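Next up, some structures in structure tokens.
Each of the next two complexes has subunit A plus one other chain: subunit B in the first, subunit C in the second.
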Partner chain A sequence: MTAFLRVAALVVRKDLTVEVRSLEVVATTLFFAVTVVLIFAFGFVREGLAVEGVAAAILWITVAFSGTLALGRTFERERQADTLRALLLAPADRPAIYAGKLAGMLLLMALVEAVLVPLIGLLFQAPILAAPLRLAALLAAGTLGFAAIGTLFAAMLVRARSRDVLLPVLLYPMTVPVMIAGVRGTAALFQAEPDLDLAQFWTALLVFFDAVFVTLALWTFEPLMTD
Partner chain B sequence: MTTAVKVQLGLAAAMFAAAPWVINAAPYEATMGLVYKIYFFHMPSAWMFLLGAIVAGVASGRFLFGKRQASDATAVAAAELAVVFGLLALVTGPLWARKAWGVWWVWDARLTSSLLVFLIFVAYLLLRRFGGPGADKLSAGLALFGMANVPFIYVSVNYWRTLHPKTSVVPTLPVSMGIPLWFCVFAFLLLFLALLSLRATLERQRARVDALYLSLDEA
Partner chain C sequence: MSDFTQVAVVGLGRHYGRRRALHDLTFTAQAGDILGLLGPNGAGKSTLLAILGTLLAPSAGRVEYGGRASADAGSDLRGRIGMLGHDLFLYPELTARENLVFFGRLYGLTDAAAVASAALERAGLAARADDPVSSFSRGMRQRVALERALLHGPRLLLLDEPFTGLDQASSAALVVRLREVQARGVVTVLATHDLDVVDGVLSDVVFLQGGRRVVTGAAGALRDRYRAAMQDGPRS
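This part shows the complex of A and B:
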């Protein structure tokens, strides 16, 4: 177990070091997320005010879009230098490598969400501070579910042709439960009178989803990444 | 084509030819009249769609973990059939809904989850077609994830919306409606099995030709 955690931590550290030096993925993903929110604003703002109840949907769609972009870029970098092969050749547990990649992805998406949530609160008058801990729990559970499937799919698509278009094509139908639970749960928290029970139901569903898909990904990473 | 497949195909063809008379013999439903009779093709298609999805998921698991090459061919065949029958269900459903509910499409739990599972299998075929080398393994992973996702899709969409009649209607149908229904289910099942084994055989032969080409290049 300690070896597993050590390998995962090393993979995270490697990814962070590469990222801190170039800021390529963080900078482009953050800017992309802000642009997507602005495009939604032009679609949904009438007479200077946002159409009611769109904030939750915009938040989660932006998370999904920018998450896809970040996943694609992160693994494209590994592919260009052929470093994913080196990583897989390392005498380490394959599932630990997956766990490290997933943790790095979660850190990146958490950073993007830390900018995204206040921005949406600001631009769409969403009450993001009505139940901040529950919103954070919902976001964390949803992001984990999205990233768990996304990391596995992006990793396995590294060698595939037309991977850029295939990643969203495979990822979006698969993560629809995350989108529904995330949007409904967040909408329940953004109501004038937050519906905490409903938000809790959706968070619980997401936690269950995470448990199943993280397990399944850890289990299938080895056979999927072996030639 | 083996004898079993020929028998299945012949029987299925005969049953489909006879189906209009069998369905015509079923009584009219009290509120929907004639319109409900699309049900006799709609529900078997939907069941074969689910059967295809399950077969593809299980075969993919066997391929991925058991390294059974033959299972991969079964998975492809089942996934293609899932898309074909899913399309049938998704076309007959709105036709019926237009008359029964007055709209082509409603965001009901069963419709939405069928559409999503259908999309996952379309994605499976896209990945197979455009994924390049190694796509067989990747698509096996996708099918496995898709199968694990079905309960989540169903629960999440169920809490989101619901309108479609529950499946529990089937045991309560009067015999005069039940016989044509099971007749059609059986006809669809025969067709499904025949197409599954034909397509799987074709896929196995294609894989074998590919392997021969490769060994010829190396020689």
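This part shows the complex of A and C:
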């Protein structure tokens, strides 16, 4: 277990060092996410008032779109010099490589969401501070479910010629349960009177999806990458 | 896993869907051998290297590392394999030192920083150790990549087109390094199109065509033998 965590931490640290040097993925993902929210704001905000109940859906659509962009760019970096193969060659548990890539994606998406949530609160008058911890838990659980499957698919497709098309085509249908739970849970928190019980139900469901997706990804990563 | 002194390929086959990339390959390489894989594009050289490096599972047959199949050896086996791919396996945003230290730690080296410094010294890149790899020439990157593959003292070294893009001096330096590795008793398997450069370096050759072994044997007069082998076609 210690070796597993050591390798995962090495991969995360390497990804962060590369990202700090280039800022490529953070900058493009943030720019894209903010642009998507602004476009939605042009459509759904009239005379300073947002159409009721759209904020939750816009938040999760933006998370899904920007997350897909980040996944593609992160693994494009591993593809360019074939470094993913170098990682898989190391005498480490191959699922630890997956865990490291997943943790790096989660950190990146957390950064994007830290900008995204206040922006949506501001533009769509969403009560993001009504139950901040529950909103954070819901976002964390939903992002983990999305990134768990996304990281696996992005790694699988890294050598595929049509990876940019295939990633969203495979990823979105698989993450529909996460998106539904995320939107419904967030909508429950964004109501005038937040429904905490309903939000807790959807968060629990997301935690269940996370357990299933992460277990499946760790289990299938090695055979999928070598066959 | 204990060290091995022989790598045996037994009845190896690999197909992608209906397309056969390798068919019924059998050969052996011993410690200190530099085995050349020669053949045209699409002959199956890179697929064979990927299988030898445990990056790809064979569809038929097996590879034995000192009598143990890769499936039985697990992740320890990968710690005894070094691989230099055509794409060099280096992060261009990181410095040469950061690349080597990262991979050293990934291979579980406790003194990765010292090993990386020694490797950079050997590659003649100590003065550029803290420059990003993206600022290096192809030859310099190739030298770093070779040291990365050798960092952990592998028993099996796999090289995919290691002479591509190298000038004469860099090719000569690579040949010298290969001789050093050979003297240490490492099994080296090398896929290349640079027949003139490797003639005299290789101890054995396997000619491949369409995923099949055309002919095997000791090296020498490679260009003439290559031409003859490709005209004769695969052996049944």
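The rule is simple: the second predicted complex is superposed on the first by the 226 of 227 C-alpha atoms of A that agree within 3 Å, B and C clash if a C-alpha of one lies under 4 Å from a C-alpha of the other, contacts with A are read in each partner's own complex, and residues count from 1 in each chain.
In this text, a contact is a pair of C-beta atoms (placed from the backbone, for glycine too) under 8 Å apart; a residue touches a chain by one contact, two chains touch by 3 or more.
Since this is a predicted model, take the numbers as computed values, not measurements.
Enquirer: Have a look at where A:22 lands relative to subunit B and subunit C in the superposition and call it first, second, both or neither.
Expert: second
Enquirer: If you stack the two complexes on chain A, which partner ends up touching A:205: first (subunit B), second (subunit C), both, or neither?
Expert: After superposition on chain A, A:205 lies in contact with subunit B alone.
Enquirer: Once chain A of both complexes is superposed, is A:82 in touch with subunit B (first), subunit C (second), both, or neither?
Expert: Only subunit C is touched by A:82; subunit B is not.
Enquirer: Under the stated touch criterion, which partner chain does A:167 make contact with: subunit B (first), subunit C (second), both, or neither?
Expert: neither
Enquirer: In the overlay, answer first, second, both or neither for which of subunit B and subunit C A:37 touches.
Expert: neither
Enquirer: Identify the partner contact of A:14: answer first if only subunit B is touched, second if only subunit C is, both if each is, neither if none is.
Expert: second
Enquirer: Taking the superposition as given, does A:148 touch the first partner, subunit B, the second, subunit C, both, or neither?
Expert: In the superposition, A:148 touches no partner, neither subunit B nor subunit C.
Enquirer: Give one of first, second, both or neither to describe whether A:126 is in contact with subunit B, with subunit C, with both, or with none.
Expert: Neither partner.
Enquirer: Applying the touch criterion given at the start, work out whether A:157 contacts subunit B, subunit C, both or neither, answering first, second, both or neither.
Expert: first
Enquirer: Using the superposition described at the top, list the residues of subunit A that contact subunit B and also contact subunit C.
Expert: Comparing the two interfaces on subunit A, one with subunit B and one with subunit C, the shared residues are 227.
Enquirer: Please name which positions on subunit A make contact with subunit C in the complex.
Expert: Its residues touching subunit C are 3, 7, 10, 14, 17-18, 21-22, 77, 80-83, 85-94, 226-227.
Enquirer: If you look only at subunit C, which of its residues touch subunit A in the complex?
Expert: Spelled out, the residues of subunit C in touch with subunit A are 50, 53-57, 75-79, 81, 83, 85-94, 98, 102-103, 105-108, 132, 148.
Enquirer: Within the complex, which stretch of subunit B touches subunit A?
Expert: 64-65, 116, 119-120, 123, 126-127, 130-135, 137-138, 141-142, 144-146, 148-149, 152-153, 155-157, 159-160
Enquirer: Which residues of subunit A touch subunit B once you look at their complex with the stated criterion?
Expert: Contact set of subunit A toward subunit B: 149, 152-153, 156-157, 159-162, 166, 169-170, 173-174, 176-177, 180-181, 184, 201, 205, 208-209, 212-213, 216, 220, 223-224, 227.
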